[in-house]
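Chain IDs A, B, C and D follow the sequence of writing; residue 1 opens each chain.
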Amino acid sequence: MNDLTFVTPEINWTVLGMPAFLMIWAMLVLIVDMFTSDRRVLITLSLIGLGVTAALGALDYGSTVSGFSDMLVFDKFGVLVNWILLAGTALTLLIAFDYMPRQNLNQGEFYPLVLFATSGMLFLVQATDLVTIFIGVETLSIALYVLTGFAVPQFKSGEAAIKYLLLGGFAAGFLVYGIALIYGMTGKTNLAQIATELSTWQSTGKALDDPILLAGVGFVLIALGFKVSMFPFHAWTPDVYEGAPTPVTAYMSVATKGAAFAAMLRFLNVAFPALKPEWQLLFGLFAAATMVYGNIVAVAQSNLKRMLAYSSIAHAGYMLLGVLAASEKGISAFTVYLLAYTLTNLGAFAVLIALENRGMPVFELKDLRGLGKRSPLLALAMTVFMFSLAGVPPTAGFASKFGIFRAAWDANLDYLAIIGVITSVVSAFFYLRVIVTMWMRDAEATEPQPTYATASLSLGVLVAVIGIVAVGIAPNIFTDLAKALVLTVAQ
Amino acid sequence: METFLFITTAIVAVGAALAMVLSSNAVHSALFLILNFCSVAILYFLLRAPFLGAVQVTVYAGAIMVLFLFVIMLLGAENAELGEEKIGWQKPAGLILGVALLAEIGYVAYRGTKLIDAPVADATNIGAPTTISAKLFSTYLLPFEVISILLLIAVVGTVVLTRRRVVAREERQS
Amino acid sequence: MISTNAYVLLSAILFTIGVVGVLVRRNVIIMFMSVELMLNSANLALIAFSRARAESDGQIMTFFVIAVAAAEVAVGLALLVSIFRAKKTTNIDDVNTLKG
Amino acid sequence: MAELIWLVPLLPLLGVVINTLLGLNDLRRSRANAHHDHGHDHGHGHADAHHGHGDNPTSKRSGLIASLMVGLGFVLTLVTLVELLGMPAPTTLGENNRWFDVTYWNWMAFGDLKIPFGFLIDQLSVTMMLLVTGVGTLIHLYAIGYMSHDERPTRFFVYLNLFIVAMLMLVMGNNFVMLFLGWEGVGLCSFLLIGFWFEQRDPPWASVKAFVTNRVGDFGLLMAMFAIYALARKPDGTFLHSLIFREVLDQGTVFSLQQYSTFFMGTQYTAAGAIAFMLLLGVTGKSAQIPLFVWLPDAMAGPTPVSALIHAATMVTAGVYLMIRTHPIFELAPSVQSTVTFIGVATALVAASIALGQYDIKKVLAFSTVSQLGFMVAAVGMGAYVAAMFHLLTHGIFKALLFLGSGSVIHGFGNEQDMRKMGGLRKKMPTTFWTYIVGTMGLIGFPLISGFWSKDEIIGHAFDHDHRTVGILLIVGAVLTSFYMGRQISMVFFGEQRDQHIHAHESSRWMTAPLIGLALLTLASGLINVPGWHPLTTWLEPIVEEEAAKFHLNIAAIVTILGLLAFAAGFYLYNWAAKHKRIKPNQRDLLHHWGGDFYAILEEKWGFDALYNAVLVKPYKALASFFGKFFDVKIIDGIVNGTAELVGLSGRGLRTFQSGYVRSYALMFVIGVVIVLGFFALR
């Protein structure tokens, strides 16, 4: 045999800290779940785990460390997105806490599964190698398939899960094939090394627009675009969002998007800045189509969950602008947008959860009638969320949209910025319709539907509202954090 | 010899894949898929990847496909497509798109950079179990460990998804 | 010696057959199998490139893909079994209550 | 005072908080009560809530709190005014030292763009603040009486105070984003207040129409902000990257906007031209100019104090304020300036003519407002900023008076708004009548009263600066104004009451007192910039750099004589008609008898609503439902159908389909893949 010396790999705990801790903690919660069915214990443990994970990020915040053969990186951008994801997860658990038993879904596995999914997302956010990106995507996906089908005796939940799984597997095929093609052309899977390889191509005069390489890039982007529900790959979104248990929908709509966008950002900015003109043009068109499609179809929806699903497609389009701008401003604006969108969308779903009865088959717009009278505070919160989604100042939605459009404009994507502004004008229509229905329409039913604004859910809603208003009034607090993060990605 | 082997195996692989997609009985499909996996495993051996070839046969063609067969038998799902096709255009459209996709990928492979046709001489060992394991437990240790978490999630998920029914029934009875 | 491009072409053909399989078949199980075919063909490409590069990284990626595929199949089949209990069908076209 | 200026918007905000808390408390208590007699009073009592019976004591409580807050703001503004006056007056042209700019915190920062949260207090903003808080206080007081029978006066005052806050943000902000914050805020409050009586059929949709139309305008403003950010440079050529008024509107910077041109969507514009044009789009939305004026008349569905405060005196003037604030940019784009003038004049004429065809007492005033805003916009387009500001102030006062008067009429006439049912109300509502007459005198330019001076200044400026056509057209507009006011006075206050079922009575003192106050202000408001003294010109001179306008006795005489003749014509014509029983409820106007189809066009508002409905609303709805209902199913199917048939493979595809098929989704996915590959690989 030739000299196959086994090099003991160096374990860098700074780099690994956040995802690894959460994975281990999730296993712990899983074990605790076997001995107790008290969901209060489980949620407390889970929230503690999320908190400690967030704290782990704060320990070395600001430094940039790379480890495990450069497959994983610890940098400001990663930590920041991770924090947003952790906050989103915590909110999800809060709003799910009373919902799950109410819907007869009181399986303790819910908590560890959510934690596992989140840990996969953290891993994906920090991934800087195609291998880790692939594994991160699959970890979060498999956990989400299960969560989507969590209510499985209900047919809708199972249907949503099988649709998601089939199409998710389909997309995974493209992801692997794309990775294979990129690996074949460059001989590398590490994002930074791919960029180096491409620059040597440039210096040796080799053309960069090799069709195989471009096809690989396209396939990977398609798979990531599927996760964020970008336009022609969005078709699963409404069905899955409608069928999944509402807290899971809320969770998917923000966390998956955030993690997949982060991976897309790294993929494009670290590995393929050289091909920027190519992907900026094509995916710019997709971004435009996503914004237009999501907003226009949302108008025609009467089911609230589906309306929010199409709205989330539209918001994916907006976030894509930040990604495509591929600039410091764009990335910083993306993180702000992600934060604002996470708070807002989770809040909006929380309000739906507060209104959702057990076994309610569909959730129609008209069910909101008279909410302003029945529970004004909930309606007020929903109003704030709708205004934030529509991008009305002084909510977070406005500040973040402003940043995104400006970044796009600066990156010479002015046509996208214009389409963005126009479509967000259109979007005002259906968000406003919700507000009009709540405040200006009286309930039909003689028997008022009960609302379930329990303590934990109210806490979640309150946090979301405060966050939205705070980010809206002083986004600086957050953008200051987000300032230098960009360099580590955009290098 | 190698060329002959490649061509024969490739033909078998493509034929098995086509038969898998075309056969109406799901059991036949599964068997054809196993045939496809085995022929691809032969290609792996040709490509200096004996370890992966073995994994392909044992894990893929063995374990995973057995699971498939088991579920088909369990559900009696050999002929799930007896009803009339509800989306009439789906088949032709799928075929057209398939042809378009194939044309595009083929064109890409044709136009793209010709890779080093002759493998480097010392590529002999790249697929040996020792090489693979050495890399797996050093460079690729992290993904390897995370894969274990992924499998754990799958196990938990499988339990959650199938146990549900029992719980619900118990509740109904009580 | 067979050129790498030939292997890539073969894998492209298999990949496309897998894609078409997902598009035209209605039996969920066969659709799953088509997805497996797609993953498998990607693996073939990976291993072919691995030889061309004289590195084992592609093979290791293949190893991971097989593991992930196994996990996905397990979850998918479990889901299928529980759906089958409710609706006695594995025809995907019968699973369409969510739409619009 | 500079240290305390933040109190001005904070006080109404405090009012919002206090009233919200009180309102929530009321709600809780009423719910506790409702719990006791559960089952009673459920299905009815909502429909005509606002003219239910019995006084609502919360109106007085909440109203007084709200009024007090705005009133204190007015006092503080007065103090600020005195302080600014105490600063040294500018000695040379172009110099201005009567201002202060306070920044409280950095509101947003994106990269190199910093947006402070701060106020710019100068002559222009103080003038606007005085109008907002002054007229605002009076209208708040009036609303106490007006809303006394309403179900939820507290909520009303919360909205009203919130509006004041937003409007103050708009005029006080020291940068474009602050202005935009206020701009959206007033739009939002307007939306809430128009739809305040949501139990009725029209208000909710009128409010949505207003909001959506305004969003179109907001789009313009937002784009202008982006453009300013992207294009403005310092005199040394480096990018400014700022949206702060004092930096952007600095002479050197503004000049850069003319030097550099930009390619925007493939066409070349000077930067100033592009920005001014987009700003203009914003103005047409907020200040209800052609082509976006359609929302304002519908906005009259809101309570009358709202019409007076928001849709006459303050919010709709925001566009004029914006143009005056950014006038250096407009001055670099003469072609846009002429567009502004054109739009102003066209709006003035079209709206005035439409007012001839309205039967609803408030709709007449609404179109009159649109028309008068046209006067102001035309003035700004010609560069007569002081005249525009002057007219803005006088109009704010007398139009508020007219609206409140009409509200008093409506309130005292059983909530009926159709003028054809009225008549002879001068005896039953003497105070309302006399104050209404004063307001009308202001509007038609009765000699020596407010509108006489301000309108004349605009028209005089037109003739002085070689805009003769504009001047003549504006005179025509003024004549039309006089005519429809004569018509209105006659129909409402003279003759005999035509619908005898309604018991008319004078309104309470809460309502008449502000009317009297506003009437006195109207009589005095001409002094704001009376020729010979020109206090407003002197005051604003450092900002707009404009010399005092000359007074033209001949023009004034012509306008006044023509106006009075038109008023008399309208008045006597309809008096005659009333006497001969030619005015009946549900019967078309006398002029229709003579004018025929042309008059019908006026009644139909020149077809703008119908046009928008046909061209925009319907296709949009169709498109939306088309995408919603079909895209997932039929479009894909359709495309595929076509393809399939083309290849002759399948005729079976023409069946009816349902969506929800995963395979269709996968198909769409693969279409995307084919596009991506085709783009990347096959170029």
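The rule is short, and it goes like this: a residue touches a chain if its C-beta (ideal position, glycine included) is under 8 Å from a C-beta of that chain, and two chains touch if they have at least 3 such contacts.
Quick caveat: nothing in here was measured; it's all calculated off a predicted structure.
J.: Would you kindly count the fewest steps from chain A to chain C, each step being a jump to a chain that touches the current one?
T.: 1
J.: Between chain B and chain D, what is the separation of their C-alpha centroids in Å?
T.: The separation of the two C-alpha centroids amounts to 66 Å.
J.: On a C-alpha centroid basis, what's the spacing between chain A and chain B, in Å?
T.: Distance between chain centres: 29 Å.
J.: If you average the CA atoms of chain A and of chain D, how far apart do the two points sit, in angstrom?
T.: The computed centroid separation for chain A versus chain D comes out at 40 Å.
J.: Using mean CA coordinates as chain centres, what's the gap between chain B and chain C in Å?
T.: A distance of 5 Å separates the two centres.
J.: Chain A: which residues touch two or more other chains?
T.: 131, 135, 138, 142, 145-146, 149, 152-153, 161-163, 166, 170, 174, 184, 211-212, 215, 239, 301
J.: Tell me, which residues of chain D touch at least two other chains?
T.: Correct list: 628-629, 632, 658, 660-664, 666-667, 670-671, 673, 677, 681-682.
J.: Could you pull out the residues of chain B that touch at least 2 other chains?
T.: 85-87, 90-91, 93-94, 97, 101, 104-105, 107-109, 111-112, 115, 131, 140, 143, 147, 150, 153-154, 157, 161, 164-165, in rising order.
J.: Are the chains arranged, by touching, as a line, ring, star, complete graph, or other?
T.: Topology of the interface graph: complete, with all chain pairs in contact.
J.: Can you check the complex and tell me which residues of chain C touch chain D?
T.: Checking each residue of chain C against chain D gives 19, 22-24, 26, 31, 92-93, 95-100.
J.: So in the complex, the part of chain D that touches chain B is made up of which residues?
T.: Touch residues, chain D against chain B: 637, 640-641, 643-644, 647, 649-650, 652-655, 657-658, 661, 663-664, 667, 670-671, 673-674, 677-678, 681-682.
J.: State the interface residues of chain C toward chain A in the complex, per the touch definition above.
T.: Contact set of chain C toward chain A: 4, 8, 11, 15, 18-19, 22, 28, 31-32, 35, 38-39, 41-43, 45-46, 48-49, 52-53, 55, 57-58, 60-61, 64-65, 68, 71-72, 75-76, 79-80, 82-83, 86-87, 92, 95-100.
J.: State the interface residues of chain B toward chain A in the complex, per the touch definition above.
T.: 104-105, 107-109, 111-113, 115, 125, 130-131, 134, 137-143, 146-147, 149-150, 152-154, 156-157, 159-161, 164-165, 167-168, 171
J.: Could you please specify the touching residues of chain B with respect to chain C in the complex?
T.: Contact set of chain B toward chain C: 2-3, 6, 10, 13-14, 17-18, 20-21, 26, 29-30, 33, 36-37, 40, 43-44, 46-49, 51-52, 55-56, 59-60, 63-64, 67-68, 71-72, 74-75, 77, 80-81, 83, 85-87, 90-91, 93-95, 97-98, 101-102, 105-106, 108-110, 112, 114-120, 122-123, 126-127, 131-132, 135-136, 140, 143-144, 147, 150-151, 153-155, 157-158, 161-162, 164-165.
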